[in-house]
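Take this structure first; my questions come after.
Chain IDs A, B, C, D and E follow the sequence of writing; residue 1 opens each chain.
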Amino acid sequence: MKYVDQTLVHKRMNSRVLKNNILKQVFLIATLFGLAVLAILIFRVVTQGIAWIDWNFLTGKLSTFPEKAGIMGAILGTSYLMLIVIPVTLIIGVGTAIYMELYAKKGKLQSFIATNISNLAGVPSIVYGLLGLTIFVRVMDFGNVVLAGGLTLSLLVLPIVIVAAQEAIRAVPGHLSEASYGMGATKWQTVKKIILPAALPGIITGAILAVSRAIGETAPLTVLGIPAFLLPFPEGIFDTFTALPMQIYYWTLDASLVDEYAYLAAATIIVLLVLLFILNAIAVIIRNKFQQRY
Amino acid sequence: MTTLTEDKHAYSGSTNNRVVYDTKDLNLWYGQTHALKDINLSIYEKEVTAIIGPSGCGKSTFIKTLNRMVELVPTVSTSGTITYNDKSILDKTFKVEDLRTQVGMVFQKPNPFPKSIYDNITYGPKIHGIRSKKVLDEIVERSLRGASIWDEVKDRLKENAYGLSGGQQQRLCIARCLAIEPEVILMDEPTSALDPKSTLRIEELVQELKKEYSIIIVTHNMQQAARISDKTAFFLNGEVVEYDKTDTIFTTPSDNRTEDYISGRFG
Amino acid sequence: GGSDSEEENNDSEDASSESANAEGDSESAELEGNVVIDGSGTVYPLMQRLAEEYMVNEQEGVSVEVSRAGTSAGFERFLAEDGTDFNDASRLIKDEEKAKAEELGIDIMEIKVALDGLTIVTNPENEWATELTEDQVKGIFMGEYTNWSDINPDWPEEKIQTYGPNENHGTYEFFYENILEEQDLVSDINLQQDYSTLVTLVAEDKNAIGFFGFGYYDNNQDKVNAVGIDFGEGAVTPSLETIGEEGPYANFTRPVFTYLNVGMAEEKAQVLDYAKFVAEEANTFAGETGFAPIPDEEAQAQLEEIEGIE
Amino acid sequence: MTTNSGSEKKSAVNVREMIAEKKRKRNFSALTEKIIPILLLIIASISILTTVGIIYTLLSEAFEFFKRIPIWEFISGTVLKPLSQEPEFGLLPLLNGTIISSVIAMLVAGPIGIMSAVYLSEYASEKVRKTLKPLLEILAGIPTIVYGFFAFTFVTPVIRAVFPAVEATNILSPGLVMGVMIIPMIASLSEDAMTSVPNSMREGALALGATKLETTFKVVIPAALSGIISSFVLGISRAIGETMIVTIASGSSKNFTFDITQSMQTMTAYIVEVSGGEAPAGSTIYYSLYAVALTLFVFTLIMNLLARYVSRKFREEY
Amino acid sequence: MTTLTEDKHAYSGSTNNRVVYDTKDLNLWYGQTHALKDINLSIYEKEVTAIIGPSGCGKSTFIKTLNRMVELVPTVSTSGTITYNDKSILDKTFKVEDLRTQVGMVFQKPNPFPKSIYDNITYGPKIHGIRSKKVLDEIVERSLRGASIWDEVKDRLKENAYGLSGGQQQRLCIARCLAIEPEVILMDEPTSALDPKSTLRIEELVQELKKEYSIIIVTHNMQQAARISDKTAFFLNGEVVEYDKTDTIFTTPSDNRTEDYISGRFG
């Protein structure tokens, strides 16, 4: 006795195959949807903002007059922030990763730290803002200066760097460290001379991704109380500052006061996006160029 | 085969060399797995000692125990003693770095560092504090000559070691090991990833090296053991079934498991 | 305003700042350090404008930071140890705040910087409610009328949607305290933190009626309509001319202030200098930022009071 | 040749001796070896300190808040009027705004994300996958302030052009845009989960005459379910924590409503609003900030732990 | 060995079965690699056809071509024709799903779905539209009985298939394949991942199954081919060197490469 009726199977086959083919197109469209939004977003921003970008805009001081306004202060502010974020996250992030991957004994402490890191990665950035406000601005009394902002952003992106560094270290083949130990090298010598250099491209890629996250972060800075209007350029980490995303935020808010502020916001977004694309391109280049053959 | 072993018989059996390694009731566990069982072996200076046996019998484990590399696996525990030059090396107080400086190791897969050839060789001397450029240059040349790869690479010392062929890489690894002038060289199937021609060169090199160094070599290839070693230990399931002069093992083994293995009946 | 008028403004500023320079030559030593200002978002456009003017044309070495947390929030920052130097306020300081200042030993000085006309705005499509009496305005915002037709049967029978800045803003407090005389606002009023949102909301809602400072109306005349208010002598629409403590729009006119921490001014030359600058120049820039100037005599008196510090 | 070098060796440097000599002098390296792990542990504990800092900051200030406003009143209150003369601190309007915006976001990101993942892992050729995936990931890298601007100046007007009843600030538009932002996160993580399903599983299904679609939905997705679910949970936690998009595009009305055409405030936007320039210390409003932040933190913590739990629990053995 | 083949000779040679598969000048390339070269083979109904040959000779490629699974590799291109029951199946218009419903496949590594045993078996019938619980239950029992695993699993049908041993998993996969009542079953080294005992059960099963199904089995194990198949094709470098009755191939091969291979001289 046959349960599977081949003629019936055959009949249903057409609709099944058709369904497959139709849904394939649906899935493709879904994939392209995100890209279409991306294209619209970029198109909108560029058409609104591109006309406002000129030398004066890039190098000038802030102004209440749209034609005079420049974003050098914000660019410098963002740069100073990164000057803190990069070393701080690299030192803490790589240190933590080395500890977790190479020194920590498998056990409660190690898994506690690991859980903790993955939780920190999910804490909303605005909460980091409150942390920064309480700890750096108030308790440590730095005020709303670059240092406070930089440290706040550092903590925020730290999990990204840690995870990237952990992965990079894990990817270093064991036979390299074995060779080093086999020569009588100590653990730290092996870490310093073999493991870290081999993991470096991965670490740098992670750091760049972290930096590009930090560059665009606005929420924590709004909580820190960054001045809305500030002309002088920051000259050090103890100066008050404004940053590119904050400038975008304030101009967006004030578009009702002066219509052109919306275009300035768009122009600033272009600058920010270009910065991000450059950073990501560097990350990709590093990843491709320094990929070691083992 | 017989010709080869008899050839060597001449100087391997006659010399009455000093013992460099001596293991007493050595046992080793990976967690619950009993990987080495009551190993008692004496290994002699300036000889080639081959370790043979089927896969998983504990050959690698054994030679990694000799320089305590096996401890990189966190679950490892040992009992018994190993003395190296009359010092007990399994004591936790014994500095593994010192031991590993005197006992070099060559691995199955060539594992040069992703650095230049020059930096590969000087890695060992440098970590041990040798900084002088002149001395380092000398060490590089001497080690590369010692591993008979000098002529092939002398013009490209600054190039990345990964540009070399597999066989060259393995000789580079041997050179890297010679650079710190160890007394003993441990080799874990150094030719198993290589083509026959490269294998031959390494085998010749081993013959050359044993004038200066004591060599312990793990191999899957019985012909190789027969060709190059003075003594052979046959491992099975973590035990030493038989340990004797190589020609004895290959011609008149006293244990029939050895005979079975050598004649290819298992493994 | 197009860029033309802006150009004109520029010219006039240059002229005025030159004259200011000439007047104050004797004391125009190079100053540095910073001046920290927080407070009202309503006053912010004027203060921002003044700050820019000061930094560009007067004292390049001084950094004037202007923030805009809102009048009340600003006072919290102002009345604190190491607080801000100035606090902009779109209402008078409250007794509690004064008490706190005394408690902390902070000596404060009130500087009236300009006059604002609380403007009632509607959607451009709203062709009926172009004029309202003061009482109708109160009624609307206190929830006495639900539909437009409740006010006038000829008007649409549609629900009135009320909007305003939230309690963070002095504008709200002025409206609540001075216009509604502390009677509760209608419960479903849509209160917003950001003026841009507010303007957009009114501009997009046909049945909207909202209130905010004249400056926000002034900049968005294409998006919202100002309602003429009848205070008993015919409808008056707010403008720089009608706004004034004695003017026809007086009932909905309120002064805006900045409060100076006198201790800071004594301590830091740049703070004092900036206070003088504000007192002197506020009237010059009030108009272009949507405020009516205060009478000259009053301005002069304030300036003298400030000069009396030191 | 080698013999030569052997004899040279005697005449030249003696490395063994040099090493032995250096060793005697360089005892400090033993010290380094001892210090380094301790130093690294200290560095690693900074991440714990951060958590402690967050919890301490939030708890201590929130505690002050709950002294003034009973916790139950806070959690169950439907009215939020922090600045009014008779302030009321009900969490529900914010909770509502947060949940609704996250739900909208997930309604966009969930289906589109998973469909993209299916396309990329099951249908697309290697070449197409290699181009589309990084392009899609650009979406995840765009700063949220840019999305906020986009939602407010583009998406809202477009929605209102089609549905005039929608308010100028509403929860719908930021919710949708947040969804777009989360698409790549879900697509990418789900795709990873699906690609790691062994091919033998697909072959098994295809060999029975299943179409690709049937293979995907009946075999691959069930096998990758743990990864897919945890990508969803992470997406939700991202939506809950998202700040600038809602701050800019949803206004600050504290309506307790389920009408997505209206303005609502999320917990994150409340924090931005109230902290304004710099939060005035000491007032109840100031403390309410931390009470809300604490709630937010607890929410995302639960989500993160849930994601971990899910990916462990639902992992199919194969 | 000889006894076994002769045993079968009785019914394999005598029946004059219908041809199910017929390949004409079949060529296949993976990109540039020419993996199948001019294959001309006729495969008969209700016989066991064994495909033997050294690693990489194209055995897997060949049987995957028979149900067009090979097309999952995007670089594949083919020429020539394959007819299955007189229909040309390499045409792009031919629905692979249809073909695969009639031609089941069992893989080298058991690959049950990570679902219950019951769901594994019903997967096929369900996608083909069978919904009735009663029918499905019956199919499950019959398929599991057919793969002689029913007694072992009948009490645990709701349990995950991954709880079964390797040999049981493989029989489950065979049962899964039987559930859609194919005409032909392709097996790619179905026992190479199994222990000898499980292997024996599968071999017995194959003998059982050929009463109902045509079976094409790839195997590395020549004894296995000799034991269970009626016809044997010997592949070498993508070509069919020899194709004949199994006992002919194993006793009097006409090509000496076949003889070399069978006698263990290479591979």
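Criterion: contacts are C-beta pairs under 8 Å (C-beta built on N, C-alpha and C of every residue); 3 or more make two chains touch, one makes a residue touch a chain.
Protein names from UniProt, one per chain: A = Phosphate transport system permease protein PstA; B, E = Phosphate ABC transporter ATP-binding protein; D = Phosphate transport system permease protein.
Remember, it's a predicted structure, so these values are computed and weren't measured experimentally.
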Set of chains whose contacts include both subunit E and subunit A: D
Subunit B on subunit E, rotation in degrees - Cα superposition, rounded to nearest 5: 175
Furthest chain, CA centroid comparison against subunit A: E
Whole-Å gap between the CA centroids of subunit B and subunit E: 47
Mean-CA-position distance for subunit D and subunit A (Å): 12
Computed distance of Cα centres, subunit D from subunit C, in Å: 41
Distance between the centres, which are taken as Cα means, of subunit D and subunit B, whole angstrom: 51
Subunit A, residues touching no fewer than two other chains: 9, 16-17, 186, 189, 225, 228, 252-253
Touching two or more other chains - residues of subunit C: 67-69, 194, 200
Shared interface positions of subunit E, touching two or more other chains: 97-98, 101-102, 127-128, 180
Pairs of chains satisfying the touch condition: A-B, A-C, A-D, A-E, B-D, C-D, D-E
In the complex with subunit A, residue positions of subunit E that touch it: 95, 97-98, 101-102, 125, 127-130, 135, 138-139, 142, 180-181
Subunit C-touching residues of subunit D, taken from the complex the two chains share: 81-85, 160, 167-169, 251-253, 263, 273, 276-283, 286
List of subunit A residues in touch with subunit B within their complex: 105-106, 173, 175-176, 178-186, 189, 193-194, 197-198, 292-294
Subunit D-facing residues of subunit E, complex: 67, 69, 72, 74, 97-102, 104-105, 107, 109, 111-115, 123-124, 127-128, 160, 162, 173, 176-177, 180
Subunit B-touching residues of subunit D, taken from the complex the two chains share: 1-6, 8-9, 12-16, 18-19, 22-23, 25-26
